[in-house]
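Below are structures written as structure tokens.
The same chain A turns up in both complexes below, where it pairs with chain B and then with chain C.
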Partner chain A sequence: MSTIEVKNITMNYGPVKALDDVSLIIEPNKIYGLLGRNGAGKTTLLNLITNKIFPTQGNVLIDGEGAFENDRALNKIFYMMEKNLYPEGMKVKEIYKWTREYYSLFDIEYAMALSEKFGLNVNKKIKSLSTGYTSIFKAIAALASNAEIILLDEPVLGLDANHRNMFYKELIANYSENPKTIIISTHLIEEVENVLEEVIIIKEGKLIEKRSVEELLNSAYVISGEADKADVYLKGRRYIGEEGLGKFKSATVIEDSSLKDEALAKELNLDFAKAELQKLFISLTNS
Partner chain B sequence: MNNTWKVSKYVFHDYKKSMLVYYGVILGIFILMTAAYLKISAEPNSRIEFSGFGFSAVVFLFISGLNSFKAYFKFMQANNVSRKRFFLGTMVILILMAALMASVDAVCNVVFKQLIPYEGLFTQVFKMQSFFTDILWSFSLMAFAVSSGWFITMLYYRCNKVMKLVVSFAPVFTFILLGIIDRLSMGIVQRVVKLFLAVVLGSPYLSIVYYLLCSVVAFGLCYILIRRMPIKD
Partner chain C sequence: MLLDFNSEKPIYLQLAEAIEDDILKGIFEEDTQVPSTTEISINLKINPATAGKGINLLVDEGILYKKRGVGMFVCNGAKETILKKRKEAFYNNFVLSLLEEASKLQISKEEIISMVERGQGR
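Up next is the complex of A and B:
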């Protein structure tokens, strides 16, 4: 069980502040979603946790130990980077073999089985894999690593809908069998919503939200019904994601779901529904 | 097995094939040389002498040093191996490769000499024969070759485009500058260089100390460069 503690991390790239005094604790055995718009600082945060880059200020602790050049701490993490760092001339199966050298719990049989399931030819060289299959290969290596912490940066990049669906299923199966800390950085919020337990939202280098998906979704709700009646309900309330189709209208009300006015909704013949994470994310990162 | 050895194992796995190919080529050339010797020596008044394998091993190790960074560094980063551990693991295997090739070279010198008129690099430079001093001297020279190759490749990797140009032209400018200084000072640079070469090449032991010191400096500079090395494409 490994805890990551990010303490007052600031990262400057010349005059650009990629991360600004970010502090957070990643608790063990949870699946986190690391969300943010393009250039928000998601990859920078993952790179800092794993020593790929070094912070201007602050530090990262893994189980209380500084992560800086600390092999014991770093070995608890498997980081699937968006960039390919594997030798292009090496075969997939050779990389599995070598990865086991560095991650002693790496499960080659599981990796081979997953490769077969995804239709990944393990005799192919990395340079001959398509973007989608490169992502599949890296994701399989991550899942088979059996590391205590797995960081996935855009794990479904280039994957078709079927493979994305398979990946999420495998991720949940892997996590259920062997709980671990997983951080997924992605833009496909709708797809990953049901997989996540907690979300970390970064906006322009600052941490703006870190709480459970359930809590976040309970902080809003959707109403829908006839447009005129919906407007009556929405009057004086903060709402986002207004959508209309003919006389029909729906909107996400930013209000704790326990505070919804069920009597008024009944009177106006409006329906309630659960808020969507993506809409909340857009609201939080647009304001 | 700790991570240092795992890094060494990975780097060596990649060089194993290159070394086998290299020694295969050396063996092939030796066979050709033997055949040439047998043919030429049969002719009256013929005189022939062979050399040069030692120098080719030095070149092989220099090129190995040049090729020992980018791909290995990225692979180790993919596996979350620290830069310190990568440095130690690679340095250990490069030194071991230098030791192995120096020993093989010294043994080859002895074997070749039995079959053809052959002079190894050590004998050519110092006009003397000593099996163990040959191994030590070859090792120090090869360690210097491999460490300087490693340092150059790291320096290039670390530099931006402008700095790469500066680093590339620095030796040329240094030579020009030394030429100017030499002309202005009526040959003082030449005298210093000659004195230095006389001291270093005058004694194999001083030469060993010199090359080993240079290797330590090159590896030390590599460590400084790698400490906060970014991942580049």
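Up next is the complex of A and C:
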């Protein structure tokens, strides 16, 4: 059970503020989605949590201990990086063994079983793996690490639909069997939406949202129907993602879903639907 | 068990209703085991906390019960409990709005009854 505390982290790359006074607490045993547009600072945040880089200001605590230069704290975390830092000449199965040197709870048997499920040839060298299989190999290493916290940076990069489906199922199975903190940084929001318990959204280096998915989705709703009538409903309300097709119109209203005016919608013959995380994300991070 | 991820209803409620439907249909019989939270969340690719919330709702309502170390089971009398609950919802969601609309259209009680009979005769 490890809690990560990010305290007032600022990260400057020369004149560029990659992260600007970010503070957040990652509670144990939840699945988080770390969302942000390209260059928002997602990978910088993961690199800081795992001590790959040092912040300009602020610090990261893991169970109250500083993460910087602290092997005990860092061994609680397994970081699946988007970049490949493994020795390229090594075979997959050799890396599994090698990883156990650092993560004593690493489950080689489970890693081998998952490799077989995904059709990953463990006798292949890392450098000869395709983009998809490199992702699969790294994801398997993360799942088998048995670390208390696993950070997955773009875990499904290059995976086909079938393998993505398998990956999410294995992730949930792994989490159910051995609850742990999982942070997934991804661009494929739609397919991960129901897997996540909480989302962390960063925009231009600033934390703009940290909430449960349920709460976030309840903070908006979709209305649709005949365009003229939809306009009547939307008047005076804040909304985003307006879409039209002929006389039909739909929009996402930014208002707590408990506040929706059912009587008015009925009168105007409009339908309600649930807001989509993807659309909310686009509106929150667009400016 | 299929969920509609575009529906307005929260996933955990949909899950609870889907299990209830399966109990009504006899897919899950009383005193038999239902899939575990883990099986459900893996199968539907939903967060285990969400699945757990749906299951707990049914436990609180006396529809499912937990056998320690074994799993979740359908309560004796669950079908009856669900029917009673659904009938109440039917009254609230359909009958009341039917009466409201009928009064707007000046439809009498007798006319409603004859319409119901006409519908049943189809």
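Here is the rule we go by: the second predicted complex is superposed on the first by the 286 of 287 C-alpha atoms of A that agree within 3 Å, B and C clash if a C-alpha of one lies under 4 Å from a C-alpha of the other, contacts with A are read in each partner's own complex, and residues count from 1 in each chain.
One rule holds for everything that comes next: a residue touches a chain if its C-beta (ideal position, glycine included) is under 8 Å from a C-beta of that chain, and two chains touch if they have at least 3 such contacts.
Quick caveat, the model's predicted, so the values are computed rather than measured.
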### Task
Report clash or fit for the pair chain B and chain C bound to chain A in the combined superposed model.
fit
### chain B versus chain C as contact partner of A:Val195, first or second or both or neither
second
### Query
Counting only touches as set out at the top, which of chain B and chain C does A:Ile53 meet: first, second, both, neither?
first
### Message
In the overlaid three-chain picture, which partner chain does A:Tyr86 touch, first (chain B) or second (chain C), both, or neither?
### Response
first
### Task
Go through the superposed model and pick first if A:Ala173 touches only chain B, second if only chain C, both, or neither.
second
### Message
Between chain B and chain C, whom does A:Glu214 touch in the aligned arrangement: first, second, both, or neither?
### Response
second
### Query
For the overlay on chain A, what angle lies at chain A between chain B and chain C, C-alpha centres, nearest 10°?
150
### Query
Which holds for A:Thr99: it touches chain B only (first), chain C only (second), both, or neither?
first
### Task
Tell me which partner A:Thr3 touches in the superposition: chain B (first), chain C (second), both or neither.
neither
### Query
Looking at the overlay, does A:Leu74 come into contact with chain B only (first), chain C only (second), both, or neither?
first
### Summary
Minimum Cα separation between chain B and chain C after superposition, in Å, equals 27
### Query
Hey, which residues of chain C end up touching chain A in the complex?
5-11, 37-38, 41-50
### Message
Touching residues of chain A toward chain B in the complex: what are they?
### Response
50-54, 69-71, 74-75, 77-79, 81, 83, 85-87, 98-99, 101-103
### Message
For a test of understanding, state which residues of chain A touch chain C in their complex under the given definition.
### Response
30-31, 165, 168-169, 172-173, 175-177, 193-197, 213-214, 221, 272-274
### Query
Tell me, which parts of chain B touch chain A in their complex?
3, 6, 9-10, 71, 74-75, 77-85, 228, 230-231, 233
